[in-house]
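Next up: some structures, all given as structure tokens.
Consider the two complexes below, in which chain A is the common component and chain B and chain C are the respective partners.
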Partner chain A sequence: MATVTATKRRWDDVRLSATVFLGNKTAVAGLVIFLLFIGDAVIVQIAPGLLGVDNPDSVIPPQFTQTNPECVGAPPEAPSWSHPFGTTQYGLSGIGCLDLLQLTMKAIRIDVAISFFVVLTGAAIGTLFGVVSAYLGRWFDELLMRVTDVFFSIPFLILALAVGYVVGRTLFNMALALIIVWWPLYARYARSLTLSTKESTFIEAARAAGSGRIKIMVFHIFPNVLPPILVQISLDVGTIITILATLAFIGFLNVLVPELGVLANIGLGLAPLGYWWTVIVPGLVITAFALAVNLMGDGLRDVIDPRRRS
Partner chain B sequence: MTSYGYLVSGLLGGAVVIEEIFTFKGIGWWTTEAFLRGDRGVVMGSTLAFGLILVFTSLLLDLLYAFLDPRIRYE
Partner chain C sequence: MMLATFGLSKHFPIRGAFRATTRLRAVDDANLRIGSEEIVGLVGESGSGKSTLGRCLLRLIEPSAGEVLFDIPDETLKEYEEARSNADAARAADIAERFSLLRRSSSEMRTLRRHMNIVFQDPYSSLNPRWKLTDVIAEPMISTRFCTRAEADDRARDLLREVGLPEFFENRYPHELSGGQRQRVAIARAISTHPRLLVLDEPTSALDVSVQAQILNLLRTLRDKYSISMLLITHNIAVVAYLAEQVYVMYAGVIMERGTKAKVLREPQHPYTKALMSAVPIVGERKVRTILRGDPPNLVDPPQACRFHPRCPVAFEICGWTAGEIAEDLEFLLRGKYYATFGDQVQVVVESDERLRVEGISGPSNVQTLIDNEKAEVRSLSGIRTVIVQGGGVVLDLYPPVDPILYPTPDGRGVKCLLYRPPAAGSV
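Let's turn to the complex of A and B:
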């Protein structure tokens, strides 16, 4: 009987949260754009043919110049019905006819995947360290906080560049560099959340009832720390995609992969010649994603933390 | 006031990108060039320089904050 009431109450909570979230029009708009991006990423991953995308991992398909010799040296074409985002050209007087819509669809898959990977891994590492450090306290806490201070004392882009220099300039290493830059933020956040949860009376009750440290951390502190961390994750996905594209834009990668920053970098030499869409299109796509994620994250925060509701 | 610390961090990172776009030959451009060419000494040096700038700016902000708001001063 008691479990039935508990389940029902939980469903009521979910329904109330959904009502609050759906009542926020900007958050819903963000969610829709976000789902479009996710849908694109999933379709390109599973069945790229559905969107007319071939070779989702390469900017220039293999044997492209042999099969399309007329494209060598072809200038970028302005957006039209056959190429809604226009086309771009790799290298000055290099390989043209590269459809930007296709490239963007390929790039979204890679960008979304990497930003989720970075944020989730960073959040997992940071939350683990933050909770343990705040709960154990004393020298361990002090040590960890000084370590995070070191990470905060260098601007994150510079630190990511320096890490990239050490580990090498591939796509995976770019993700690795961003994780190394990003986890201290979560460690700090989880620590502050744990410190305030630790003083609650239910933790005292659990301790009085004889629960061990690990049990308290896993079953009592972690579930209370998780919701704000999830909101932070949803907000950070947009930030990370911007930083990711920025790093790729300034030439982090030494391999040519379809990534929004790389596309903008390709267009950088073309834009001053009047081919503005080669930079504007990737830029707008990044902006749209970051904006959508931020709007959605704000909506989620309103649901999870009613005190900060605006 | 306290948010200025994060702002400075963002600005220093932004300098790298902006200098790269406009080929303005400042420390940010220098860092990226060194990174792309694999110049270890310059990467290490400029990372340290950026760190020092950020740390000293934060220190300055903290001191300024204590000056403007005496309540947070240590006795």
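Let's turn to the complex of A and C:
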């Protein structure tokens, strides 16, 4: 009986959250676009053939020029029924016929994966350090906050570039550089949340109950710090993807991976010649994703804020 | 004796630029006794240090000095008191080693916490919003290794019933409960390990009046049923009157008066207690209130000797007047009310802790007249012992202040006021 009521209550809770979220039309729009991106990423990962994508890891398939000699020097084609996003052209020798829709679908997989990887890892590291630092306080807290100050004092793009030039300019290292740039943000956020939670009377009650520091940190503070962090994560995925593309656009990557920033970079030389879609299309895709994630994040924030629920 | 503290003090360091330079003296030299199955009330206004004292007893705040002897047999306590008064440090340390909570390691303390717990004022923040009520109530049982997880869950259900809540609340979250219900949960948590001592820190202050009575009755029932000793911290005299047997009155971090409820509440002796009691409204009665001037003192730099003397309506010569306090009042009179007599040139100079000089006056004898006239109203002037004419001015010598202790009175209470100093101890 009791467990039945419990599951029912739990379920009611979920339903209330869903109602709050679905009541926000823009958030739902964000969610739909976000799901389209995720869907694309998953399908390209599992079965690229379904979307007509081959060689999801490279911009130009191997032996492309041998099998399609007519494409060498072919100018970019404007969007049409056969190429809805148009085509682009790469390099000095001008390898043409590269379908932008296909490239975009490949790129979304990589961008979404990297931004999730960066945000989740950065949030995990940052939250851990932030909670521990705020709870232990004293010199450890002081030290950690000065370290984050160092990170905050350097513009993050410059810092990411510096890291990239030290460890090498590959896709994985780009993710690494962004994690290094991003974790202090979460450390600060988690620290501030911990500091306010720490002062609640229930922490003192837990001490009066004989609970140790670790137990209080893991079972009392962490569950109260997590929900706002999750919202922050959902908002940051959109931010990270733009930074990711920016880095790639200004040439962080020296390899030809299908990434939205790389695609825009390829189009950079073509746009002045009138082939505007080669830059606009990747740019719009980035914008759409960032916007969708932000709208969705706002909706989520309403869900976890108890004042807006009632 | 369930609990006895000796000289318990808590001084909070105030962080300066580099290191703690000043201290806020939140609790000073508190000697508190809680008998077995006794409810002891601790009253005082906001900021008087009563909550800090309560938390120090349970080591939720680490005291700066003193001893907290827990569950000590009466004979041993007597022995300890004798050892202290005879300055037999070795004997006292030996007893303290066995009974003092402050000498327990953190793991020993964890097991000991079984025997003591606390109920907080605000039931909205004292329960973790993300925990189910079972887990909230079971926490002390599990953390102090009172029983196993499964037993704790069972017991949590029993406890819910015990405090008057339905069993099916076990899977609810705190936000689904009202304030009174939450406070019942907090009480269930506090009594879950069969504690022998419970600190109640303003247990009803955050509740509606109708719910307050229910909670107080619940506490009384639980005390009778489980023979728990309680320390009831509150600013609400009615609550103390209803529950407590012994009452301690605190002001500015110091215990001012101690005695049975009937004595302290009905016939207060200490001037502060009198003022406090005169503020309690009584239905159908017109009261003459003693209205205190000024504000409670800053505890970073508390008044010397008796901490109440600057506001005390009956303060006299040796209550702790400093040269600064007297100079301030005197100057105010000289330049204000007595401006016509003294004019612009008059100046009060602090020469030392016990000496003031008034300069720039024509007729020195006027100062004596002023003091005599204003003494009754401006209490600080009573601290002036002699007025000597010297050169062009007047030298005022002050009385040396005396630190009051909790003087025992014939009717068995303690009053920290020099008015109750036994005459044999010294004459003014």
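The rule is simple: the second predicted complex is superposed on the first by the 297 of 310 C-alpha atoms of A that agree within 3 Å, B and C clash if a C-alpha of one lies under 4 Å from a C-alpha of the other, contacts with A are read in each partner's own complex, and residues count from 1 in each chain.
In this section, a contact is a pair of C-beta atoms (placed from the backbone, for glycine too) under 8 Å apart; a residue touches a chain by one contact, two chains touch by 3 or more.
None of the values given here were measured: they were computed from a predicted structure.
Novice: On the superposed three-chain arrangement, identify whether chain B or chain C touches more chain A residues.
Specialist: Of chain B and chain C, C contacts more residues of chain A.
Novice: Contact-wise, after the overlay, does A:Leu268 reach chain B, chain C, both or neither (first, second, both, neither)?
Specialist: first
Novice: Regarding the shared-chain residue A:Leu157, is it in contact with chain B (first), chain C (second), both, or neither?
Specialist: In the superposition, A:Leu157 contacts chain B only.
Novice: Figure out whether A:Val14 sits in contact with chain B (first) or chain C (second), or with both, or with neither.
Specialist: neither
Novice: A:Tyr165 contacts which: chain B (first), chain C (second), both, neither?
Specialist: first
Novice: Touching A:Thr246, do we find chain B (first), chain C (second), both, or neither?
Specialist: So A:Thr246 only meets chain B here.
Novice: Touching chain B in one complex and chain C in the other: list those residues of chain A.
Specialist: Overlap of chain B and chain C footprints on chain A: empty.
Novice: List the residues on chain A that touch chain B in their complex, please.
Specialist: 152-159, 161-162, 164-165, 246, 249-252, 268
Novice: Which residues of chain B touch chain A in their complex?
Specialist: Listed in rising order, the residues are 9-10, 12-14, 16-17, 20-21, 31-32, 35-36, 38, 40, 43-44, 46-47, 50-51, 54-55, 58.
Novice: Mind pulling up the chain A residues that touch chain C in the complex?
Specialist: It is residues 1-3, 5-6, 9, 200-202, 204-212, 215, 220, 223-224, 306 of chain A that touch chain C.
Novice: Where on chain C is chain A touching in the complex?
Specialist: On the chain C side, the touching residues are 55, 58, 60, 109-111, 113-114, 116-118, 120-122, 125-130, 139-140, 143-144, 167-168, 170-172, 175, 186, 189.
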